[in-house]
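Have a look at this one before I ask anything.
Lettered A, B, C, D and E in written order, each chain numbered from 1.
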């Protein structure tokens, strides 16, 4: 505990979770001394590596199943539940944005709601003051707001002489979203504490998107497209660079990667998606309020992703669906104690499945992924 | 004009002067050994050259450019590559991906996003893995390698970027005599396009592969010259007899 | 003059409160590498224990003495059952402790019915110094904070227990290979951090009254303090807490409190950006 | 196998998760004297050391130490009963000062002059007492690790590549110390310097892919024609 | 009567009789049953259960039984919107009453009134300015709370006011009105200042109060800050030197935040105080009925919208009776001028065209941990809204 300046680069804990404190790296530069060891638990890398090499990939099956369920949902759900499902799909989009920055690039964005909420407020203002409700304007505007906000914040937090530590980024983003929340509360133009109510429905020409199956399918379509794009991105060679970033930023800087730029780029991509989700959310819910920018939503999205399993994309979606679904059901049936039950449920999953629900079916190797050409022969563990 | 020229490098840590006006000159296609007792500042000098440490004073120039103010990334892009004394492979990634990551470092963002170099680099990755006898473990996580195997992986990664100057800090730590010999053999072919600075304690190894040597002692250059000159040098012999 | 003194006292007293709250948080963060989101709830539990004692007719100070022990014991049990699984993955640990905090907080909310309950201070009233009145209890808190700080420092810096803790948390495998029983050390450290939170809760409940969100109120402030001070040492977070506490109490004297509130965080983040290692680096325990 | 065994390893299988590394290893370590464990990269030497000290649990087999079954004992118990260990990597507490590292080593040693003795062996450490161990140079770190392990007064000292990255002069020093030590306690050394290892050790085991491929007295093994084949990559 | 069922959906209180011809009239309650202000939300839900039970016992409305649907808004606007949609879209309630904070009202009013095409009654005292059609407010407005109260404060406290406030809409808007009344009555506002909602240290403020020799602290700081704030004021000798605390949301619930001596003399102005039960037989009956059904911690108090809830439901009952049907427009038209002769604190009537409610107001002062009524309005006070 003396001098954490000396502490230096920790070898990233093997299960790819970056230590917040492992972020002591802040000042340290590569190579000084990676003598910081993971922790008590057995290294996860020693978990079976074999499963993925069996030939069958689990991930596409899970993805297909989820899509299938999502497609038939409006037929089996009552109206108001379809509306609820739409909301969940939008939140899943939001969760995707966080998974991209945390699960893949190892940037702990504890203020992801800032981009979500900023876009929400932006489009709400457009609707209120300029009467713009056309989907063709609203969604691009929302994404643009997300992009701009994340570029600005990312630029400040991620670029600079020294690589920024995980803890610094998480705190910086948290503070950013906290400050935005406070700003929204204090600023009358934005409606203060009360937010901006009564946003009119989204339109396309003369058609109005009422909440319901159509809105649902539209949002689902957007989610699928964004999902596929993200999937393409994280499996590309760029995705490998991200994985390197997550594992050991300083190390890959010595390969000649512009690590900080990569981080800023992926952060901005995440912000953009969050912005898209935020603008959809604002119009779907019909109002925006400061929490949407602040710590509450920021923590929530972290919860979704870690619960479902980070670094898999589909885990983020599953996490969102399950947490939202379960809270909805619990709050209906166990009104007084539902937060406690939810907490206990979360805790159990985290304790026994620290890699998220998805790890029930997904092996370590497939979760981390491999980026080269498909392996021709299977690796064998013991020589 | 030498490839690398570091002059008057000093590095002070608090009260301790780890480097005191050290210098290092490496010519084109030269294998240069850096030796000296523990704590004489070899690793620190390597880090100053590669950009992992900022020297307190001194100047580093590389291929006729002053790179003193360059970041590690810029130095890497200029053609420098470093293997640290303490291995730092990317533990959860497969060996294959570790190497690919090093190989593709110089591709453009566009190529990366579209994975346009994936096929082209595949053969290179497999060649490197085969060279370093790691091909059968290509799809295991790097964390599952033993210490010596990680050293090899590190060397492979350092080589992957086709550097003009390769800096190896104790690459053979934890290797047996045989393995050292193989490492030496693996390094020989790069001489055509690359210079090498290598820190080693094993004199036989150094003698076998190096053209010139620099001896550090307590942060200063004690001697620098061809292997034969150094072997004949009185003060060098002295520190070899000295203990601790 | 008198009002300057009063101002200084008030500012210092709030600083002391933040230090008290952050002590345990900092120890757990620095020593165990875990940002304990349930720390606020340990503070709450400390307050609740004090309230219970008071509500059952025991003197308030008795509750205050009991609180750290009760909360420490709870912390010990929780560490063994839950926290222990998280050391390898600090981010998951944050989530886990968040869930734990949620459970504790909502349970306590259920128990106290969502109300604000008052607990009298054992040493009430104010000390009159001419025209200024300073709160006797806040003064007591300052004194206790100083004592506890000193005690912790001595414990961690000067005793072999401290050495074991530091060694274990730095490299558990090697600590075991040096003969240290790491599970015990983990448990003890966590319990110690929890006990400090319990003490903090007990001491501040007369000031802020008991309500379910008492602890979480200080959590983000606490994290920022730990960062500003520097993770990895005992002194760092304490210094950070002192700075953040006094700053947030002092700024409203000179500017709009709403601005001050955000400014503290902005200043903190800018500070960390340009001095990432924190206030205290390379020195001390 | 040496006659009197202090540490007796029987039919040991061990590994990481599902990947088994050691297969049916039988090793005996005598009451005093040196034993060398040799083998090429990845042969399982480190794994063996970790299993002896208890960092890895074995899936099969038994460990007897000083006549007692320690197979199920925790690491710290094994250490306190007299096993000292110098790991190959992460062998010092990086953020603790050199002084504190040594203090951890002597936690279970009441002899207060022990630290001074270590400092006379490694005078370099004496100049670095207040420096965080993580900033030591590679060789200094090894010295510290060895010093720390010796402070625990072990009856059995396990050294995993103690001389990696150490300057020749110091290697000589360490070798002499180990030879000295091996007269009173038992010393197990994993070492790439064959000559050094066999100077310290009277007996040697050669591992190959997790199995004991060769064993015997130091000179026997040294001259065994098979030896080189097992050590070549 | 009235079984509590947890069906597939929300909490439903069904009457024990049914009218097969038309089925029950459905009343939706959306309030904060969990979260920081759960004590208020639960009291409101209890009041609703009590009123519905009473109406059902008396033969229902228009010969039909009432069915009560209760949803949690959980102090979380996004949860709230989801749950309110359940009320509207799944349960198809005929009216929704609820919401406590202004931000909650803002969040749920659109799903109820605009997208949901349903009647909405908001029961809490608030800052005013809510003029949405089909949205009726049954709690006190700034005018009702200030018009009689502030002159009383000037007379019984002094002229120099400080307005320390939590930084959100209610205090801002209320202060604008309060300042007007203070100044028009010859008082003076020494400072008006806003704090983050969760600020808990008020040393700077207290210092300003003391050094400016403020007579009346007209407080709109809310919990959790208010407890430490009053305590710090007390410790700084504000009360000892004759200062007066005033706080218009303070009711029986909030009295417990501080020790009695720290808020001795605190004055509040609301539509109901429990002490009224000593003088008003209707209030006594109401309070007793509530306490019998719901003994425990969730008090029937004005600050938590319990009185507004009662009033709202009874006014709506009167309106439905008059309209003779339950469709939104008819009921809204009748509710526009609905009256009740008896309610907590006295009679109440809607001001036609304004969708706000006239009621009696009381000024009370805390003495030894209890309120004493010290002044009351002459007749019903006008809300002066919309």
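A few comments on the model shown:
Following the convention adopted for this analysis, contacts are C-beta pairs under 8 Å (C-beta built on N, C-alpha and C of every residue); 3 or more make two chains touch, one makes a residue touch a chain.
All values reported here derive from a predicted model rather than from experimental measurement.
The remaining chains, with chain C left out and nothing else moved, touch as one piece. Among the other chains, E has the CA centre that is most remote from the centre of chain D.
Of the two chain pairs considered here, A-B and C-E, the higher C-beta contact count falls to A-B.
Ranked by separation of Cα centres from chain B, the top chain is E.
Chain E has its Cα centroid 37 Å from the Cα centroid of chain C.
Averaged C-alpha coordinates give centres for chain A and chain E that are 40 Å from one another. A separation of 47 Å divides the Cα centre of chain B from that of chain C. Centre to centre, using the average C-alpha position, chain B and chain D are separated by 29 Å.
In chain C, the residues touching two or more other chains are 106, 166, 170-171, 173-174, 182, 232, 258, 261. Counting partners per residue, chain A has 1-4, 6-7, 15, 32-33, 35-37, 42-43, 46, 49, 182, 186, 336, 339, 381, 383 as the residues that reach two or more other chains. With touch defined as above, residues shared between interfaces to two or more other chains in chain D number as follows: 16, 19, 42, 90-96, 100, 131, 135-136.
Of all the residues in chain B, the ones that touch chain D in their complex are 13, 16, 36-39, 42-44, 85-87, 133, 144-149, 152, 170, 173-179, 182, 201, 203, 239-244.
Against chain C, in their complex, chain A makes its touches with residues 1-7, 13, 15, 17-24, 26-27, 35-44, 108, 156-157, 160, 162, 164-165, 167-168, 171-172, 174-176, 178-179, 182-183, 186, 295, 299, 302-303, 306-307, 336-337, 339-340, 342-344, 346-347, 350-351, 354.
Residue ranges on chain A touching chain B, taken from their complex, read 9, 11-12, 14-16, 29-35, 43, 45-46, 49, 53, 233, 236-238, 240-241, 243-244, 247-248, 250-259, 265, 364-365, 368, 370-373, 375, 378-381, 383. Interface residues of chain A facing chain E in the complex, by the touch rule stated above, are 78-81, 83-84, 87, 182, 185-186, 188, 191-195, 197-199, 210-211, 285-287, 289, 291-292, 296, 327-328, 331-333, 335-336, 338-339. The part of chain C that touches chain D in the complex is made up of residues 160, 163-164, 166-167, 170-171, 173-182, 232.
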